[in-house]
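Just so it is clear, A, B and C label the chains in written order, and each chain counts residues from 1 on its own.
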C-alpha cells in the first residue's frame, strides 16, 4: 500500500513538473512580450525595461524557471517593486492587480470550492440515485423518464441553463438575490442563497451524465453471474442490490466522478462567467484578457494539481472499493 | 525421403522474463534447449501436457516469437533472427495453422480476402488471378468455392478450420506448423479435419510439425513423435517405437492415459501425482524426477541427455529407460507401483470440471 | 483431453463442407451491413439522423438561404431599435421580415446569424473530430500494437494532456498564437480564428480516441488472425490498417459521432468565454455571451441560440446512442 502510494505520488509529481515546464514555455518563451500586457497603456520604454528586469525576464529561461519553482517551495525575494519578501508558496507578483499572486489565489480559491463541493455532492446523489432506480425499474415509466432526463441534460449547455435559471428565479420571480459569493463562515444563509443557482445548474447537467453512466453500469452488473448467485442462494433483494451489485457498479462511476471534481476544482470557468462570480476560473479568464502572466501560470498549475491529485485519490478509492485491484 | 532435413532445430530456447515493476524477478523457461529435425514430407508430432512449451516452440518455428537461444535452420538457411525482409522468400515455404478456428479468422474479412491475404501480403499474382487461385484452394480443402464472399461468422467450426488450412496452403508451403489444429473442434469434426490434413500431406508432399496434446490424433497423423515435458524433449522416435516401445517413464504414463475401449476398468493406468513443477524454477537434473516412480539420487544431480538407444532412431532422455522391446502390456505390473511423490504439493488430484 | 477414436481407419469421413443448402444467398452479409440494417429499423436513429441531415443542409446552404431570405449576417437594422438599442416589437423584434428578431445594440438579424453560426459550428466540429480521430487512431494503434517505450511515451503524453486545464490553456494560447501570426495590430481574418480553434481542439482532443483504440488494439493484438498475418510476412501498415482497424471501426465511429457534439459544445464554450472567434464570425457561444447582458431586457435573445444549440447537440447524442446500439447489439444503454 505504502509502496503503491509512493509510486503513484512520484509519477504525479513528474506529471506536474512537466505541466509546469510546458506552461512556462508556452507563456514565457513564446514570442509575445509578456510585459506589454502588464503595463497599462502609454508606458514609456524605461518603465517597461524596469518591469522586465523586476520579473527577471532578461535572465536565461532556465534560471527564470528555477527561480519560480524555488519561490513555490521555499519562497523568495522579489524586490521592492513586487512587495519584497514573498513567502512560500510564492507564485510571483501581479502587476495588474498589484498584489502577490498567492494572495489572489487565497481569495478566489474558496469561491470555487464553495461552488464545486456542494454541487458535486448534489450531482452524485441525484445522478447515481436516479441511475440505480432506473436500472432496477428497467422498462417502467420511471426508467423512461430518467432516460429522457439524462439525454436532455447531457445535451444542454451550462450557460443556457444558467441564463434560464437567472431569468426565472432572479429576474422574474425575484426569489433569489443576484448570485454572489459570501464566505460560509460569515453568513451561511447568504452563502447558500448566493450560490444555489450555480449548484443547481452544475448538478443538473452533471447528474444527467451520471444517471446515464450508473444506469448502464448497474444493468451490466445485474446481469452478471455473481448477482444471480447471490439471489439464488437466498439473499434478500436489498442486500444483493445494495451490497453486492452497487459496490461493483459504482467503481467506474467513482473514477469519472473523481476526475470530474478534480477538473472542476481547477476552475468552473463557464459557471463563474455565467453567474458573474469571481472564482478561480473567472480569475484565469481575466488574467488571460489582461495578459497577467504570473496569475495565468498560477491558475494553470493549480488546476493541474487538482486533476493530478484527483487521479491519485481515484486510484486509492478504486482499491478500497474493488478488492480485485491489487496495489503494486 | 532425403537425408537433408528441411528444418533443423538446435538448442532452441525461449525464456520469458517475469517482471515486477522494472526489475526482472525471474525467468519462465518455457522452452529449454530443443533439438530436432524435420525432413521434407515428414510429419513430426509434438506432444505433451499443456504448459510444456509446445505452442511456444511452434510460434518460434514460424518466427512469431523471437528465440532466446539456439538456431533454427530452414532449407539450409539460418532463420533464427532473420528480419521480415530476409524472411520474405521463406515465408512462402513455412506456414502455420492455428488452434482456435474462431480467433484465427478476421471477422471483418470475407473468406476470399482471408485466404488471399498471404498472396497479397507477399505480392504474388498467380496465373489466372487471385480469385481463381483462392477458389481452387477452397475446393482443395473441401469448401464450396461459391462461398468466396461469405464472412467467417457464417461457417461452423470445422469449416472455419478448413478456411485456416486453405490460407496456410495459399503460398504452397513446404512445411506447416499445425498448432493443435483440431483440439477446439467437436470430436466428430476432428476426424474430418485430420483426414483432410493427412490427404493434403500425402498429395502435396508437405512436411508438418503437428502440435497436439491428443496422443490418438498424433498417432493417426504423424510418422515421428517428440514428447515434451517442461520445455524439454524427453523422448523422440518413430511412431511405432514411441507408441509400442516407449522408453521414457513419462511417455509411458501419457500413453497409459489413452482410454482403450477394448479393455474395461482402470487397468494399466499410470497415475501421475502432483502438479507439473513451475517452469520458473524447474527441478534440478531430470525435470521429470519429482513425479517419476523410478527416480534415484542421480536424477537430481545429473541431467539425462537425449541419446539414441540401441543405435536406432529412438532417443530418450532418461537415466533408467525401459529396455527396448518391452511392450506396453508388460507395464501393468509397474503401473500400480506407488509413484515417489517427492514434488511439492504431491497428491493434488485434478479437480478440473 | 479430447477423446478421439484411437484408430485412424475408424474415423468416419462425414463431409459437411460442401453440402450447404443452396437457398442461402451466396453473398454473405458483412457485419457492417448487419449494423446498417439494425440502424434502419431504429426509429430514434432515423429521426435524429434526418434532423442532423437537415441541420447540415442548413449549414451548407447558408449563402443560398441568405439569398432567399434577403438579409445578410452583418447587416444592421438600427432603424428597428428603440432609443436604448432594444428591438421594437414583441419577443425581441420578431416579424415576418426578421423571423427570430434582432440583436439588441447592433440590430443584426438573429435568424441569418444562427444559420451562419450553425455553419461555423458544424465545420469546426467536424474538422476537429476528423483530425482528432485520425491522430488518436494512429497514435493509439501504434501504442497498442508496438507497445514498449512508444506505448509508455504516448500514455504519458495522454496523462499530461488530461492534466492541463483545457479551457484556460486554450484561452491563453489563442491570443498568443494570434499575436504570433498577426502582430499587435493585424486584422485577424475569421478563417484564422477558425483555424486556431481547430488546432487547439486537435492538440487537446485526441487523447480519448487514442486510449480507446489502444485498449482495443491490445485486446486484438494477440488474436490468432493477427498472428496469421504476421506469419505470412505482413508489414506494419497491413497489420494496422487491414487486420486491426476493420475490427475496431465500430467503437471509433461511435466515439466520432459523440465527439462532434462535444466539439460543438466546446467551440460555443470557448466563444462564450471570449476566445476563438471574433465578433464578426457568427457563432452560438458568442451570441449567448452577448445575450447575457440583455437577459432582463430582451430574454428572447438568449432563447434562440440556446435552443438551437441544444437541438443540434441533442440530435447528435441521440444518433450516437442509436449508432452504438446498432453496431454493438449486446451493449445496454
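One rule holds in what follows: a contact is a pair of C-beta atoms (placed from the backbone, for glycine too) under 8 Å apart; a residue touches a chain by one contact, two chains touch by 3 or more.
Everything quoted here is computed from the prediction, not taken from an experiment.
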| request: With chain centres defined as mean CA positions, report which chain is farthest from subunit C. | output: B
| task | Report the chain closest to the protein's overall CA mean, measuring from each chain's own CA mean. | result | C
| query | So how far apart, in whole Å, are subunit A and subunit C when each is placed at the average of its C-alpha atoms? | reply | 25
| said: Quick check: how many Å separate the C-alpha centres of subunit A and subunit B? | reply: 57
| CA centre of subunit B versus CA centre of subunit C: separation in Å? | 50
| subunit C residues touching subunit B - in the complex, by the definition given at the top | 1-8, 11-18, 20, 26-32, 223-225, 227-235, 238, 242-243, 246-247
| field | Residues of subunit A touching subunit C in the complex | value | 15-16, 18-19, 22-23, 26-27, 30-32, 36, 147, 151-152, 154-160, 163-164, 166-167, 171, 212, 215-216, 219-220, 259, 263, 266-267, 269-270, 273-274, 281, 284-285, 288-289, 296, 299-300, 303-304, 307-308, 311
| message | Quick check: in the complex, which residue numbers of subunit C touch subunit A? | response | 156, 159-160, 162-165, 167-169, 171-173, 175-176, 179-180, 184, 261, 265, 268-269, 272-275, 285, 288-289, 291-292, 295-296, 299, 302, 306, 309-310, 313-314, 316-318, 321, 332-333
| field | Partner subunit C, residues of subunit B touching it in the complex | value | 59, 62-64, 84, 87-88, 91, 95-96, 98-100, 103-110, 114, 117-118, 121-122, 141-144, 146-147, 149-151, 153-154, 156, 158-159, 162, 164, 167, 171, 182-183, 187-192, 194-195, 198, 213-214, 216-217, 219-221, 257-261
